[in-house]
Structure formats: C-alpha cells, structure tokens
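All chains are identified by letter, namely A, B, C, D, E and F, in their written order; residue positions are counted from 1 within each chain.
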Amino acid sequence: MRRVVCPGSFDPVTNGHLDIIGRAALLYDEVIVVVGANQAKLGLFTVDERVAMLREAAGGIANVRVGTFRGLLVDYCREQGVSAIVKGLRAVSDFEYEMEMAQMNYRLAGLETLFMTANPQYSFLRASRVKEIATYGGDVSSLVPESVLGRLQDRLASP
Amino acid sequence: MRRVVCPGSFDPVTNGHLDIIGRAALLYDEVIVVVGANQAKLGLFTVDERVAMLREAAGGIANVRVGTFRGLLVDYCREQGVSAIVKGLRAVSDFEYEMEMAQMNYRLAGLETLFMTANPQYSFLRASRVKEIATYGGDVSSLVPESVLGRLQDRLASP
Amino acid sequence: MRRVVCPGSFDPVTNGHLDIIGRAALLYDEVIVVVGANQAKLGLFTVDERVAMLREAAGGIANVRVGTFRGLLVDYCREQGVSAIVKGLRAVSDFEYEMEMAQMNYRLAGLETLFMTANPQYSFLRASRVKEIATYGGDVSSLVPESVLGRLQDRLASP
Amino acid sequence: MRRVVCPGSFDPVTNGHLDIIGRAALLYDEVIVVVGANQAKLGLFTVDERVAMLREAAGGIANVRVGTFRGLLVDYCREQGVSAIVKGLRAVSDFEYEMEMAQMNYRLAGLETLFMTANPQYSFLRASRVKEIATYGGDVSSLVPESVLGRLQDRLASP
Amino acid sequence: MRRVVCPGSFDPVTNGHLDIIGRAALLYDEVIVVVGANQAKLGLFTVDERVAMLREAAGGIANVRVGTFRGLLVDYCREQGVSAIVKGLRAVSDFEYEMEMAQMNYRLAGLETLFMTANPQYSFLRASRVKEIATYGGDVSSLVPESVLGRLQDRLASP
Amino acid sequence: MRRVVCPGSFDPVTNGHLDIIGRAALLYDEVIVVVGANQAKLGLFTVDERVAMLREAAGGIANVRVGTFRGLLVDYCREQGVSAIVKGLRAVSDFEYEMEMAQMNYRLAGLETLFMTANPQYSFLRASRVKEIATYGGDVSSLVPESVLGRLQDRLASP
C-alpha cells in the first residue's frame, strides 16, 4: 500500500491545493492531507477550522483523509507508515526552498519527497494572496472552494 | 489617452524608482505614481511624507502625478481609467513575485502589467537597503534624490 | 501615436504568441509583429511562410500589421518610429535572457522594452516544442492557430 | 500496480541517474527506465549500448526494467500502462525546463510527472560533463558505474 | 598580506559555515570570522555565545580569528585592513541577495566580495532549519559542531 | 604567493572581462588569464588572435599574464601552481552552470573557484552578443577594448 502525505498550513485551502490533492489521490492508495500545527496561532484560521474546511472540500475523495501534526514531519510519517511526501510546485522560488526541505528530510529519516507541478491556471495562487484580496473586498470565488468562501467572509467581516 | 500607474511603497523613493518613473513618462500620456497605504503604519515614513518626497523628486515631470490608494490596486485602476500597471524589475526574484501579482490582477480585472528593466546601475538598489545603510552612517547621497536625503537623516537622527 | 513591435522568430506562431499580440493591440495604437530574418534559413518555415501564417492568424486585428526585419532590431525600430519593444515572458529563464537584451537595446539606442506575462495556460508553450510534438504525431490543435495547423502537417509529412 | 517510467538519454548513465532509479524502485511497484531514441544518432553511444550499460548497472534491482522509446513519451506510457513519469531534479534550471515538459505532457494526455531531488553529492553531475572530463583524461570512476567506465575509455580511445 | 572576512549571523555556526571557513583559511593569509551584532537581540543565542561557539569550533585553525562588528561591514573592513569579503553560496536565491549586497559594498567602498560554493553535502543546511529541527527533537548532530550541539539542547530545553 | 587563473574563451575579450581581470589583479599576487583551446576552431577568432587581443588590452597590468590551455583546467592549474580559479558572475543562469563546474573541479582536484560579481554596467554584456551586434553594423566601441574593435571590424568585413 502506497500512503503519502500532502503537508501544508492550508490557511485556508485553495483550489490550487485541491488540484494537487485530487491528482495525488489518483496516483497513490491513500493521501493524508496534514495541517502543520507548530505555528498555528499565527494563522487567520485555527487548525480545527482549517481541518474542517479541508474535510468539506476534499473529504468526498474516497482515499483522502485529513489530519494534523505537531513536531517534525518525518516523525509523523514514520508513525503513520507513510512512504513519501507529495508537494505541488508553482514556481522556481518554491522549488529551491522545497528542494532544501526535501534533502533535509531525506537526510534526517530517508523520507522521500515527490513534487508535482501546479496546474498552470493556479500557478499564481497563494493562500496569503487570497486573504489579502478578500480583505479588500476582491472576488475570490474562483480561487477557493465553497467551504472556504463563506468562512473567509465571516472572518474578515468580524471586527 | 494612455494612463498608467507605477505602484509601490516608496518608503522612501530611490533613484532606481525615479529612473523607472521618468522612462515611463516618455512612453505613456500620463503616469500616476501611487503609494500603497494598506500597511502604511509599518514604514519608516508616513504615507504623506512619502507622497511629499515623490512630489519633490518627480513632480517636475509634466505628465507625472502622485497619489495614494487603499484597498485593491485593480479597483483603484478601474476608478482612475488606468490602462496598465508599470513596474521596474531588477532581479529574477522580483520577477517571480511580480509575475504572480500580474497574473492575479489580470485574472481579477483584466488589468495588464508592463515590466521595464531596471537601469543596471541601480540593479542592486532597494529602499530597505538604503535605510539600513543610512542607519549606520553610510553615504546614500548617490542612491536617493535630495528630497529624501534630508528627511532620512532627520528621521534616523531622532530618538 | 504609440507604435510598438513584437519581435520573434515565429517558426511558427503559437497561441501563446497570439495571446500577447492581441493583448498588446489593446494597449497601443499600433503593433507591428516582426519576423527576424537574420537566421531564417535555420527554421522549419521560410520567413515568407511565417509572415503568411501570422497574417492569417492576427491580420484580423485592425491595429496589427506584420513585417520582417534584417540586421539590428534597434535600427528597424528607429526607421519605423517605434516607441518600444513588447515581449511576453513565460518563465524565469526567459526573463534573464530578455532582460539582458533589453538592457543592451537601451544602451545601443535608448530603445525601451516592455514585458507582459504570458497567460498561465500558455506558460509551457514554445514553438520548438510544438514542432517536436507534431513531428511524432501528437495533437497540437489547441496550441497553434488553424493557419499553422495545416501547414505544419504538410511540412512534417513531406519527405 | 504502480508502474512508472524514468526517461532520459542516458548517454551514458551516471551515478546520479542510478541514485534516482534506485530510490524510485523503493517507491513504486515497477520502474521502466527508458532511453529516448528519437535523436539517438547524436550521442556518443548507440541506443543499444546505452541500454546495455543501464542493464548492467541497474538490472540487478528486481522491479526495474530497461527499454527504449521512439516518438512521444505520452504514447509510450499509454501503451505500457504507466501511471506517471519520474524525474530527478538537480538545479533550478532543470526545474523550469522539466516543469514545462510536465505541464505539456499533462495537457497532451493527462500524464503526471513526479520529481525527486537529486542526492546533493551528485548535484553537479551531468552526463555531458562526464564525457568532457573523460575526453581529457580526467578520472570519472566515482561518477559513473563500472559498466560505463570501461566503455567510455574504449570509445574515447578509438580514433 | 591577504586578510579577508567571513561575515554572518552564525546563530549558531553550522558545519556548512565551518566548511567555508576552513577552505577560506587555505586560500588567504588571515580569515576574520565576524558576527554581525546589529540585530543581535533577535537571535536564539547572544553575540557572545555565538562568538564562543565559533572559537571552539574554528579557533584551532591558526590563521582564523573571530570577532564582531556593529554598523556597516564596509567600515569594519576598512578599519581592519581587509581586502575582501568571503561568502559561501548554497543556492540561487542566496546568490541574488548576495550579489546585490556585493555590488552595494563595492559601490560604497570599493570593497570586493568573493563567493565560494557550498560543499554539496551541506547545500540544504541553514541555521534557521537546524534550530527548527532541534526544537522538535530531531537529531542535528551531523549538522553542527559539538560546541553548538550542547548549547542548542540547553537553550531549547530551558523554559 | 597567491596565483589564480581567469579562464574563458575570450572570443573576443570584452570590457566586462577586463573589469574582472583588473579587479582580480588587485586581490591576488598573480593572475593568469587563460584561453581554453579545446574547441578553439568553433570561434570567430583563433586562439592566437584571442591571446594577442588579451595581451594588448590587459598586458599593461604588471601581475597579469596571458596563456592558453588544452585538456582539463584542473591539470593546468596543478602544473602552474595555481591556488584557485576566479570567475565573474553576471546572472543567475551563469551562477548555476558555474556552481556545478566549481563543485566538479573541487571534487576532481580540490581546486577552489572564487566568484566575483560583474560590474552592473556590464551585466548585460556577453561576447556572443557583441559579435552579433557588430555583424549588423551596431556600435560596440563602448563594449570592447580598442585592441578588439579593429580586429572585429576586419573579420566581419572579410568575405
């Protein structure tokens, strides 16, 4: 059985993330989408909210489940019997950072990282930018799933 | 009539910015230099000070005017009848970030971005670096216009 | 009047080129698409064929015309009263090469280059790749205009 | 069953290639290493020689087999029931080229590409450089497998 | 006499830093390793602790000495009679930032910067990542010298 | 005594090369500028002509001498008692290629490479571009030394 993780902060999940998750689910037996909880307090949404949005958006895919981790990702992967990390790459600057992380995870625990390229139509999509646009009233309905859209408006509307 | 905007934080304007503004003014009928005011509190200078320094430095060019915006740049451009954003590019790392912004602005509102390359003699010039050098007593007189030089010394001298 | 050139080898024109040409035509009074003829013998199509394909594909846009040049682009632009070069950028590696060309053209003749970002859906599209795919029977009908599709099949079918 | 391909020109296979092949073999049920034969005449070794060297070097891994393809890789993958392409990435410049190829293959046939990062100790290793060093008598014994070393010396010694 | 500086924040020194320092010591008559103290309060270790760790790790090399500087590096170098700055480069993103700094230092004071490439086995090693791994109990014993290992555990264990 | 080499094809030497050579001569006891002769037949100028142009342009610097090498640069450096290779870097794409070469040379022979950043005013200058511009009658008098200018005109004028 080939089980992989898709780690991220998912604050919140975007259509770009969902594209990678859906494509990974076709390639592996099981995909665990994991929200990193080490620095969760810094986000717009709590870890529980992020998990809830991910479950609403991706939970319908049979071999996808959603979780969280604290500490080192390599430790989580060992416990869960995970073969590899799967990450989407959008840009060259992503790539260098991720290549370093991948080499470090391989050095620490022999854990492999497999990179998929972002769908070009989402190549300019970052969660941070979605939040910035939504903050100033821009229309992000084509950039995030419905589960996120409502919560984003609620959160940004509250004082 | 071809009206473009040159957006930025301009905290403060440098000779590299002025080079781009001057060259853009030769290519378009009107250039609006706009100071983004969304996160203005984080800067060394207030938005008003930045506008004042820009006006002193670039106000002498007939078809350049200086303004500010809050919210989304695409909304500001629609209100002002702007055809395109003009940005200077200095480096590859600039380029990726700016390409993503450009694609997002096009997606949000069909707004185009046109990139000009920095004059090589200013390719290493960033406002943040100018402030750092000035903080420690370095000579930045060839890097910023006179309107900035005095204010920079005043600001950094004050306790 | 703002007249710009879109230079290239266009061997053959792709949908990515056409996207840039069409968007440039909205931003400037006149767009001259010019096929560089210095090394024309190295291509799959003759310069005349390339011009013909461009005319069929882009000739319907009122303010676009198609030409050729030999020698230095800066000389051609001076003769034609051109304000600036317009180029599409797809990737970081494009950018460095093009930035150098732009700085050289500015140094040689004060000629500006304005860069537009490729539409993300064409970010992976290069004429050389289209030819390679077509050579091995791949379907390129969504990558090039109809004017090209037929000629490409004829050329690659001939012994 | 998860079957992937590792495509390349392998002219000749290096220790960097073997590292990726071996790691891929741990992650998938079957790995087909395929030598692209479209431009085989341009290489130092014939396609048959490249296959022979690969078989000697990687044939001992139970779930690795070696083949060749002509035409489009996406067609080959469809015929062979392949789920995905696996490629090693060494550097940023690799990445942009490969990202474009990956997006094109996805567009043409829905075929995914999964990237693994090169082992840092092989990050500077290219087959072209190995050949250049060997041509001038440099010691490449730590850069290629034994199956390659002898053939490389024979080939470069012959007039 | 050729005296160079290796500047950095060294919070803490890693095996990657030590590799560069040791190689620089073979190429120059004297190497001064200098800890930048401008923003020292932001680090995990005090400037004095960083200096102590560097001295324990690199002090055994005859022509290496360790110091600190406040203010502009170009001023420090002038005072110390330093010919050039020596920096290790690991990645493309490092390179752009460092190239800008180098060009600025040359402009400010005619001070040269010489770049060495990181040993590939340390290409993914950053002090910030070491601290993150250690925070969550990962094993960093192969990434930092012994002088750092103990202090890192003490610091992260304290409440 | 610190002796370094500045290797290149120098077909022909440009003002960018001369800038690096002159700055290197201030940092080291002796600088040997070496023309690589492995693929000399492919150039516009013969190796002897390139050496002659270099001697005319840089021969006036007391601690610079000009030579040629065939075979591996690491072998040449060992024979000449050279401590390190010195190279100028203009751009990110240069950097990746050069970093790989540097790591290979270190692996092969423990030979170090030191990189200097190009003077920004020459950042867009490549010998290949100079030749292209000169071929079409462009003015390159500010891009190459006088020793090159005459020969370039002669060579390109001859049938």
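Quick note on the criterion: a residue touches a chain if its C-beta (ideal position, glycine included) is under 8 Å from a C-beta of that chain, and two chains touch if they have at least 3 such contacts.
Please read these numbers as outputs of a predicted model, since none were measured by experiment.
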Counterpart interface for A-C, drawn from A-B, D-E or B-E and sharing over half of its contact pairs: D-E
Rounded Å distance between chain A and chain E, as computed from the means of their C-alpha atoms: 34
Centroid distance [mean C-alpha coordinates] between chain F and chain B, Å: 38
Where chain F touches two or more other chains at once, by residue number: 92-93, 96, 99, 103, 120, 123-124
Listing of all chain pairs that touch each other, if any do: A-B, A-C, A-D, A-E, B-C, B-E, B-F, C-D, C-F, D-E, D-F, E-F
Residues of chain B touching chain A in the complex: 38, 70-72, 74-75, 92-93, 96-97, 99-101, 103-104, 107-108
Residues on chain C engaged by chain A in the complex (per definition of touch): 92, 120-124
Of all residues in chain B, those that touch chain C in their complex: 2, 23, 26-28, 83-84, 89, 92, 95-96, 99, 102-103, 106, 112-117, 120
In the complex, chain E residues that touch chain A: 91-93, 123-126, 129, 133, 136-139, 142
